[in-house]
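Look for chain A in each of the two complexes below; its partner is chain B in the first and chain C in the second.
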Partner chain A sequence: MTSDTATRARVLVVDDAATVRLYHNSLLSEAGFEVSEAANGLEAVEASLSAEFDLYVVDVNMPKMNGYTCVETLRSETVGTAAPVVMISTEDRPGDADRAYQAGANLYLVKPVAGDRLVRVATMLTAGREEAA
Partner chain B sequence: MNPLLSQFLAEANDLLASVDEGLLQLERVPGDPELVNEVFRAAHTFKGSSGLFDFPELTRLTHAAEDLLDQVRGGRLALDSGMTDDLLAAFDLIRGWLAHVTAHERLPASAGNDAAGLITRLRAPLGGEEAGPTSASAGPARVISAAPQWLAWFDAEWLTETAGWLATTASTLRFVWYTPDTDCFFRAEDPLHLIRQVPALDKLNVVQPQTWPTPEEYDEYACLLSFAVATRAAVGELEYLFRYVPDQIEIVELDADAITRHLSGEPPLHVEEPVTAAFVPMIDSELAADARAVLHAAHRALTMEGVVTEGTRLRSVRHAVTAAAGALGVPVALAEAGPAELIEAVVRLAGEAAPAPVPAAVAVEPVERREERADERRADDPGGQVGTRVLKVDQEKVDRLMELVGELNVAKNGLTFLADAAEEEFGSRVLSRRIKDQYAGLHRIAEELQAAVMDVRMLPLSVAFGRFPRLVRDLSRRLGKTIELVTEGEDTMADKDVIEALGDPLVHLVRNSLDHGIEPSDERVAAGKAPAARLTLAAVADGDAVIVEVSDDGRGVDPERVKRKAYEKGLISEEELETLSDSEAVDLVFRPGFSTADQVSDLSGRGVGMDAVRASVEKLGGAVTMKSKFGQGTYTRLRLPLSMAVTQVMVVSVSGQRFGIPVDLVVETVRVPVAEMGRVLHQDVVMMRGEVVPVIDLARVLDMPWAPGEGEDRRILVVSVNGQRIGLLVEAFHREVDVILKPMEGLLAYADEFSGTALLGDGLVLLVLNMKEVLGLAARVA
Partner chain C sequence: MGLVRKQAPQQPEEALPDRPPVETLLAQLDDPDPDCRREAALGLADITTAVPDLLARVGTEDDPRVLESMLTTLAAHDTEDVAGGLAVHLTSDEAGLRTAVAAALATMPRSVPALLPNLLAAPDHDVRVMTAMILADLQHPEAHDWLVRMICQDPHPNVVTGAIDALLPSATEDDADLLRDAMARFPDDPFLRFTVNSALPRLTGTA
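Up next is the complex of A and B:
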């Protein structure tokens, strides 16, 4: 029952919309995650180089570097992040999810994501993070 | 307002501005892929954020606009000006809605009707209305089929009415059942406060316990009430609001059908066990569904050609599958599994998980986890911000800082009075000097602080210029004129108050140019000009001032016509009609009561003329001049102080009362022997370097009982007003001080001879004179 940083799962919320970041950040923070934010793919990749995250929650359509490229970069050998990635987008056309999986995401959700669902998914995907590391 | 909504509104402002700007630029550079993309992304981001709230019309309208932009972006449609008009109209409508949301936290009732026509028009180029409701934007379907038993707390009549309303509207309604823990007060929870914050509240029922405890057993620190709430707020908002008490609330969304069925006596959901029992199994099945979604994703990734082979990707899929298996209660060991083994495991897990109900013990686990985490949050840290380097600060906070700087200045000025007192009253010159040294140090820091705060308040002129591309576009279309707008020096910075105050005069000047100055194309061609007129807005910094110029190459001002008009209106005498030079004639347009348009046009003529422009610019401490060459164009120049926050005034006194005069106006201070004073036509004058300067007795103008002593040198403050030198006879000169000018309020607001008040370091209030009015007063007194 301690709030020791080492035991809390770290999440990077990546979205260009500040409102969405605030929404995701507060939901996950309330649920006990340690949350950081990035406003586009490039910032996310930069953040991943200087800190380790147990989960990435990534928007698709962003300036500078979009979500797909961001996840591909995270999965590339140079960055080499195996941490789970949930992509969240407003797009719900056939093939959108596959593009996310192709990039290396582990789950594709359509916006807006209900708060309990986001927390549930985040909890599930970070449950076994020690083994995965 | 909840922070999520206010964040949304702030962000929406920025996004809508970039949509507008982008659309207008696109008209100039049609099809520029970079611009299209920019506009699309802003609209897209806006739609994404709007989906967090229950603004169905907003999301639907944005969605239609976004779809149109998406087609343009994909090169399947070319943006024509009709589409641009529709898009601009859509975002204008949205802007209006957001103003309503800011005030009422909901969309106006007419939103659906207002949007309907626009949505049809926006969708027309795409081949008509999208089939069915917009599934992508409306979010997951959350309407459940049966009403919970606590719906009985809402009275039947209201429910009937509501069901009828729900059947006809696009809005949706959520019902919240909130049962605070009996000991919630000991955990600093405040149920009443929470309920008060429920946005878009439609109905509230406070539910009392069925039996109250006996007076002996009654514990006033136990919460025994429950709340049944109906609201139009979105689930996301509600979850955000109740985030500290997720286990004490239940949220359901009901449609008209569900309510009607409830009213007709259908057995409610979860009859015998109330809230909590129903809560846990729901989580179970949802968790299982999420786990299966992760498995499905893994399967897709594993079976798509060349996606997952080895390394990072393989490890990540392995990790996700392990996590999903754990959540399903079927732990698996996949430590070294390759792609083939993983596919096998995923298929096996999906098969096992689908039909079998989830074992209860395992499924409850995440709930405990949540509670455990809920405790951790007490010591939470706000979470790191990655890559944010620009702070958005509430304007009020900056204003507060400026106020404090002002107070610091006042306190600082107090030291100089103290130094004087040390020397004069206590006879200690040493102490006086040391206080002055202290003052000097403090003064430097205060000045730097002030500069730093003022720097924060500085905004680029582009903020003031920003509205003109749109304005010029709309007006020129209505007038049937072709106009090219050129802006220069948008990066020039000025204080935000100056920028804000500049808005109206600029709009007036630009409208004047468009309406009166610029000719229709055929007239221009006949005059040998290019058919497209050119309107230039330019800004340039000049020391402590910023100069803004509005110029056009239109027909210019006809000095003869202006003079005739002014004469007809009785503004000038017959003699002036003959003698006024052309440039003096042009200046007549600033006279109150003058308007050159023969007819009042609906564009610029609104009963206020150029005199209003001059008045508002002078109120800012600036000046406005106009030059015009008949047939070639008009050029108006506004000169404004960079900042209005701090004014330097010279303090003088009459009859013991001190007054401030803006230092900008002061030319010099002189002491003149009585013998050198002269008199011309009942007007006291003094000769200065060969120039006759009229001298006004300030005491007389302000009706103060004071007259200079016999034979005593006259103290005269020479000021320059409207290019004319005038002497003010005063009793004594004092120092110059920096003050924050506060406008006159209340009864004194009509005392035009004062431009404001300021607090001095010794606590006295200084009245600052409005020299123009004082001179007018002097003319009346004389």
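Up next is the complex of A and C:
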């Protein structure tokens, strides 16, 4: 990642747990991403209506609007973003990943996610943005 | 994750003169119009005989606003039967349902403690994570102690991390060793380590 603010990939971290947001924010910021936060799906949708993001990192279990509904809304005409979405959850039951992919996620990861893996995934999923720029 | 703290359920009014008959409201629970179902769910507040009908629809109601109204009405009863009837949905495949149910249970301090032994021993660790979320918002004097027990005893790092996240808002310096011990139990969990290392300076006054 470049440190140039104008070209840094913008990531929206969506999680109702402040510690999780802090964790993902610190990992991605240190790796050179420009990170914003939302505490639930509704905030994420609102943020996406006023700003563009290159990647979403979304929790599943959240109040007000859960992660699946959030991703579905991001993919719907309401927002209409094609930016990659990584869903991260404690849920590792059969079908959870399928549910995430049906909603429109590009990747489903089960907590705990190692920091280097999250950065690697974020870099990979935003690489196309840099090539397209 | 934490839950949105809801206000404690209000005491039912003594008389609702304009309320339709209970039979009418129960029939409206199956109305195709979500607004009608929502009105019925709210109208059945304090009607004990309506509890089974409401509980039976919690798992099938597909409108979030109606579901929230049903859960508000049910949670106001705060009985073990209602809490037990709601807790079964903590394993639901529907994220919206299990999150809404957890939020409702967090407003039931009289009845939820009776469920805790089973919830804390649930074989599905995701249920135990949800239990930590419930305890985060449960207005009960022993909520802190239950979270401490989860942190000390639960074998799954995600549950322990969830319990720590729930404990942190009320944690004090006395909890510092508890967090250090948890980190020692799961030395390879990056998020748990981050959570504890972020919290310790504040707890110990070294921030």
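We take it that the second predicted complex is superposed on the first by the 125 of 133 C-alpha atoms of A that agree within 3 Å, B and C clash if a C-alpha of one lies under 4 Å from a C-alpha of the other, contacts with A are read in each partner's own complex, and residues count from 1 in each chain.
By definition in this document, contacts are C-beta pairs under 8 Å (C-beta built on N, C-alpha and C of every residue); 3 or more make two chains touch, one makes a residue touch a chain.
Computed from a predicted structure; not experimentally measured.
Participant: After lining up the shared chain so the two structures overlap, which partner does A:Pro63 touch, if you call chain B first and chain C second: first, second, both or neither?
Facilitator: Both partners, chain B and chain C.
Participant: Looking at the overlay, what does A:Ala83 touch: chain B (first), chain C (second), both, or neither?
Facilitator: first
Participant: By the touch definition at the top of the document, which applies to A:Glu91: first (chain B), second (chain C), both, or neither?
Facilitator: both
Participant: Applying the document's definition of touch, where does A:Ala127 land relative to chain B and chain C: first, second, both, or neither?
Facilitator: Only chain B; A:Ala127 stays clear of chain C.
Participant: Applying the document's definition of touch, where does A:Arg99 land relative to chain B and chain C: first, second, both, or neither?
Facilitator: second
Participant: Residues of chain A that sit at the chain B interface in one complex and at the chain C interface in the other, please.
Facilitator: 16-20, 22-23, 26, 59, 61-63, 90-93, 111-112, 114-115
Participant: What residues of chain B sit close enough to touch chain A in their complex?
Facilitator: 3-4, 7-8, 10-11, 41, 44-49, 51-52, 135-137, 139-140, 142, 234-236, 239-240, 243-244, 246, 283, 286-287, 290-291, 293-294, 297-298, 300-301, 304, 307, 311-313, 315-320, 322-324, 326-327, 366, 369-370, 372-388
Participant: Help me check something: in the complex, which residues belonging to chain C touch chain A?
Facilitator: Chain C residues touching chain A: 1-4, 93, 95-96, 98-99, 103, 124-126, 129-130, 133, 157-158, 161-162, 165, 168, 189-192, 194-195, 198-199.
Participant: Where on chain A does chain C make contact in their complex?
Facilitator: 15-20, 22-23, 26, 59-64, 66-69, 90-93, 95-96, 99, 111-115
Participant: Which residues of chain A touch chain B once you look at their complex with the stated criterion?
Facilitator: It is residues 1-3, 8, 12, 16-20, 22-23, 25-27, 29-39, 43-44, 46-47, 51, 59, 61-63, 75-77, 80-85, 90-93, 97-98, 101-102, 104-108, 110-112, 114-117, 119-121, 123-129, 131-132 of chain A that touch chain B.
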